[in-house]
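Naming follows writing order (A, B, C and D), and every chain is counted from residue 1.
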Amino acid sequence: MMELHEEDLNRVEKKNLFASGHRACGGCGQALAARLVADAAGENTIACVATGCLEIFSSPYPDPSWRIPFLHSLFENVSAVASGVEAAYKAMNKGPVNIIAMGGDGSTADIGFQSISGMFERGHNVLYVCYDNEAYMNTGVQRSSFTPYGAKTTTTPMGNPTRKKNLPMLAAVHGIPYVATATVDDYRDLQRKVKKALTFEGPKYLHVLAPCPLGWGHSGDLSVLISRLAKDTCLFPVFEIINGSVTNIQKVPHKKPVEEYLNLQARFKHLFKKGEPTGMVAEIQEIANQNIERFNL
Amino acid sequence: MDKLPLGLALDLRRVVPYKTGSWRTMKPLYIMQTPPCTHSCPINNDIRGFLRVLADKQDYTEAWHILTRTNPFPATCGRVCPHPCEDGCNRRDFDTPLAINSSERSVGDYGLEHHLEHRKEVLATRKEKVAVVGSGPAGLSCAFHLAKRGFAVKVFEAAREPGGMMRYGIPAYRLPKDVLQREIEAILKLGVELECNVKVGVNIPFDQLRHDYQAVFLGLGAQKGATVGIPGEDARNVFTGLEFLKAVNIGKAPEVGRNVVVVGGGNTAMDCARVAKRLGADVQIVYRRTRVEMPAITAEIDEAMEERIMFRYHTNPIKIITDEDKVVGLLCVQMELKEADASGRARPVPIPGSESVIPADTVIMATGQEVDYDGIDLAKRENRWISADEFLMTSVDRVFAGGDAVLGLETVSAAIGQGLRAATAIEDYLEGHVESSLASPPVVYFKDLNSYYYNRKKRISKEAIPVHERLKSFNEIYPPFDPGEIVQEANRCFSCGLCFDCKNCLMYCPDNAVNLVPATGRYEFDYDFCKGCGLCVRECPCHYIQLTLEK
Amino acid sequence: MIEIRIHGRGGQGNVAAAELLANAAFMDGKYAQAFPSFGAERIGAPVQAFVRIDQHPIRTREEVRQPDYLIVQDRYLIDSVPVLDGLKPDGLVIVNADTCPEDLQLKTTATVATIPATEIALEIIGKPIPNAIMIGAFCSITGLVSLEAVQRAIREKFPGKTGENNVAALERAHEIMQKGTGQPC
Amino acid sequence: MLKYLEGSHAVSQVVAMCRPQVISAYPITPQTHIVEDLARLVGEGKLEAEFINVESEFSAASVILGASAAGARAYTTTTSQGLLLMTEVLYCIAGMRLPIVLTCANRAISAPLNIWNDQQDSMTVRDAGWIQLYAEDNQEAADLHVQAFKIAEATSLPMMVCMDGFILTHAFEPVDIPEQKEVDAFLPSFKPQHIIDPRWPRALGLYADPRFYMETRYILHRALEKSEEVIKQVSADFAQAFGRNSGGLIKTYKLEDADVVIVTMGSVAGTIKDLIDRLETAGKHVGLLQICSFRPFPKQEVYRALKNKMNIVVLEKAVSLGRGGILASDIRWSFPRAEQPGRRISSYIAGLGGRNISTDGLMEMVNRVSKEHVELAFLGLNKEIIAERDL
């Protein structure tokens, strides 16, 4: 494990290695997250990106937004591709280099789940960053296994009946050394976690909540506020899992009712009848309460 | 020709970025806004500005220059101003307002200790000469600003020393004389000519000034103490508030005896009472109404009470009882309040048969002040105050006026503010163009801020020295902030309406359309790429960014 | 071209037997080919393996349909599998059985020989794996491949104790058949 | 040096001599022996490579895609369902012009599940943009791998070496295994076209809108056509270096005075050659045209070889359901229209799912096509099984 000094970890990085000119919607949380991650990782980094919104808006020929090496092939195989890059660097005695595999929730938790599980289990020295925008945004907001309970998508018009798949925990049970969650509003924390993750040898998993103005139904200027509210309503706990033990949980001293989060997003509008919350809202509050209990937020 | 790589592989160092700026319908702009402190300051001091240099650079010299850009009396105002700025401060709705007044005092003192000199705005001296009548806060402020702008200014002062109310009306425990003296000297260093012991209208005819000078500013103040006109006022040991304060301030304190009664509820009354107390007397304040109606600054009243001055409300003097020509007591009647009168305050009405005598060795009538118009004739309002238009020009051509003489009884800061405005008006007048002071940008209120990014932190406040200590001397009762405390306090400033380098716009822009310009250290938008999503506007803590329609 | 077909049950080393025979022939300077009747068979299931031996390179990939020789590693297959299919009339079939050839009552004009390979295997190798014994018997009767070559082939494939045991078993089988028959009839 | 060994091991040993830097594979019958042996060689330190045991063929292909993109010589092997599971990645690898070598141990495709040999798997992905060469025997299978890396890296195209499952992979026969130094001399170390390396930031796998996509596919098609020359050249160089003919585009046997020509691919050629010799002694002249390179399809060579032949029968181990012989249609298309009326090109599907292709069956085929044109026939069908069932 490579050592990094506190001041290096805490330094905010702005290098524009994920540069202007991408085709993301205004206020895109994923574009923001991608730049924060790339800048934190630095120039000596290879980005392997899964098919998805990020890939589409950042890698059109001939003017992609990446300024670090970029490799994309398919939707469900980014973990394996990154594994291959890592294997090649080993075989050729090249490096050290940061290898980051990244994708949205679909390519991470659904179609790419087998691949990511394989990468974790084989112990490749790769950081996987999941930009979680809670649905298949690239194809027009269809439900994914990260779509939260109650959220409306084009394939769950009545609201999603199931709860969100808990990938950080699933990653952790693979026995990988570092797992963390983060949100775009706290860029210091996010960049710190990227750098910290890269100090660990082996597979790392960073789960970033990335608000999607289009899919969540909010104006672009609210992306940061909403991601913050996800934390403050305890719907998205922020923590690290280092060598299997949950740690550095971000406490939420001033907890807010989930309504404050839901109210800002059209995808939850149907949960309120004439402004009055329906039973589903109570259910969502229950999810928050369980997080509070589980992580002692 | 050398071929491109196979399979659409691409050399990323050759990429020409696609310009997403064309997607924009709304456009973010960095626009400086007016902070509420400046807005509520009669002098419009750049409070945010001087606090920032303290917070960012701990640069007291720069802070002093920023303050004195508008106000030549920071050390003075830092002591005597009732600081409406702090009432405006947006932190009031968050935790507690900034200690702006104490900070100003420290910066002012720093300027004095380090003999900082004012900078002229215009180095060339202009041909026009301006006469300023009265060296009070209004007069000196006007002279100061005119001098900085290159005018030849001469100040005429009736008294033996300059300063007006600041020197003769304010006791030393509130404003040490040397502080005032040095701030005045700093002003004179700009080349302002001062002639004392000259009463315009008496020693020189008013018209001669108008003849000799291209413009005249009247900062006459309200120097005449007004009495209520009850029997016995002519007795020895009966003073108007101003007489009394002036006497003490020039070191000729009268023998006040054991019991002193002060009549009135204004600041002068408070000052008189507290001065008398320091002269060793038992002091009572007699007022017709209740504390609520008292015009004096709350702090003044509180301090007076701390200093164990007796307040007699609903009490009205009818007659000063004398033994030969010496005061022995004050006959008063109890009042009750009836429906409000013209002044909007409850109207006091005597209760029959409630007369009583308050024993007194000295009676001080702090019951109002008037302008001394001796030899100066111009239009008045309410038959008391000089009437001036919005540019502070009086009914007489080329003659401007400001301060108490125009405002009625107001604060030192208000007078300084008018001096400043008059200077601008005179400049404009002499240059023959209309009032040039720009309409200031909108004021930022708490609701406009994104307070998430600010931390709660209580303001620093200093305990006044204990009463028994205070009363032993005329020393100041509040110790100054030490430099560390000032910086700490300055750091609490929200910097309402002006960037304080929080980096939010830089870090949060999903399109990297915000750049830090190394040369200026300022941020600027890259409109080639900005999509106008408004994230920066939303996350700017201090409302420095505005979203405007793309034109 | 000589064609051999080996019948057995999964686990009796049928493919190994074919491989060893072919390898031995190769060592004797002949061309040889060996391949199993490929499948997903598990231990116990009936399987086949094929061997071709020739002076010239072998090109055909066809399964052996008209073998010159049959090696049957388990007598009970005879009841369930048509082992004799296509056996040349003048061919030879060697069966792992502790009875006289006659007792098997095989309907064929070809020569029938038997040897109690399982018993011998248990005695010498300690496992009921008859292939080495069957090969030994085959060499002994046909002389088609040299005993030395088979010994080398076995030692090459199974270095160490296993190899030596099998070689021993091979030699035992060879002796027995030299005496004419595996059975006291 | 001539060694007697299993086909899978002949391949694994030669692949090892080609010094692949990254190997990734997922086990599937009948490819397993190749992977197992490579794993052993890596494990025993006899081959310096990263051997990545993945959780699916899909990931195996993806891993070597990444490895090749990063500049490593990469290899994988699979068959049947595995190859089909890889399909998406195969197209990607070709589109990204990564010179990867893959061994396909040809096997049938479900359903019904069947692990035995035919060539439906590799034929199914014939349009993926890969070079496909088919081996006749284990010697050629081994040799083709040495050539494969050279061809792939010279053309920046991926290459698939196809060998019949079981029939070759599990057959023991003598194979001349070259010396390491010979292979090193023939196959220079890999000079990658693409390197994903922070020192020279490059993007690989960008998406192309309608302005660019079609051109990239056209370029890929032309690259495959052009690779014919390379395949021929490398085969010639190989003969020079190793003294035997392997690979190339096509091979012929007794074609000159043949009245009937059998056209086929893969291991069945051997059986057919034996048959041809037997018929010859009986005074019947049959010839053989072996397609070694199915993709790129050597249209010119085929035409040159067959232009005077009036009776041709195409025998293949795959079928385009609802259409018929895949190779057959390529052969038919190899002749200019309206040229030589009366030329018969019959089509036979044989050996599906490991059905034995017997000499008798082949004889029957030859006899029939000698008499008549056969548009499409399945060799050796069991009529009873069909009769028992509705279509």
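By definition in this document, a contact is a pair of C-beta atoms (placed from the backbone, for glycine too) under 8 Å apart; a residue touches a chain by one contact, two chains touch by 3 or more.
Because the structure is a prediction, the values reported are computed rather than measured.
K.L.:
Just to be sure I understand: the centre of a chain is the mean of its C-alpha atoms, right? Then which chain's centre is nearest the mean of all of them?
P.N.:
Going by the distance between chain centres and the overall C-alpha centre, it is A.
K.L.:
Could you give the separation in Å between the centres of chain C and chain D, each centre being the mean of its C-alpha atoms?
P.N.:
35
K.L.:
Give, as an integer number of Å, the spacing between the C-alpha centres of chain C and chain A.
P.N.:
Computed from C-alpha means, the inter-chain centre distance equals 64 Å.
K.L.:
Distance from the CA centroid of chain B to that of chain D, rounded to the nearest Å?
P.N.:
93
K.L.:
Express in whole angstrom the distance between the two chain centres, defined as the mean CA positions of chain A and chain D.
P.N.:
Result: the chain centres lie 43 Å from each other.
K.L.:
For chain D, jot down the residues that touch at least 2 other chains.
P.N.:
96, 201-204, 206, 208, 212
K.L.:
Counting only residues that touch at least 2 other chains, which ones in chain B make the list?
P.N.:
8, 10, 12
K.L.:
Which residues of chain C are in contact with two or more other chains?
P.N.:
Not one residue of chain C touches more than one other chain, so the list is empty.
K.L.:
Could you run through all the chain pairs that touch each other?
P.N.:
Here the touching pairs of chains are A-B, A-D, B-D, C-D.
K.L.:
What residues of chain A sit close enough to touch chain D in their complex?
P.N.:
On the chain A side, the touching residues are 43-46, 48, 55-56, 59-62, 64, 66-74, 76-77, 79-92, 94, 97, 114-115, 117-118, 121-122.
K.L.:
Which residues, counting only chain A, touch chain B once they are in their complex?
P.N.:
Residues 12, 14, 16, 18-29, 31-32, 35-36, 60-70, 187, 213, 219-225, 228 of chain A touch chain B in their complex.
K.L.:
Where on chain D does chain A make contact in their complex?
P.N.:
Against chain A, chain D makes touches at 21-22, 24, 48-50, 52-56, 58-72, 74, 88-89, 92, 96, 196-198, 201-209, 212.
K.L.:
Flag every residue of chain D that touches chain B in the complex, lowest number first.
P.N.:
Spelled out, the residues of chain D in touch with chain B are 95-98, 156, 193-194, 200-204, 206, 208, 212, 216, 219.
K.L.:
Per the contact definition, I'd like the list of chain B residues that touch chain A in the complex.
P.N.:
Counting only chain B, the residues touching chain A are 8, 10, 12, 15-20, 23, 452, 503, 506-513, 526, 528-529, 531-535, 537-539.
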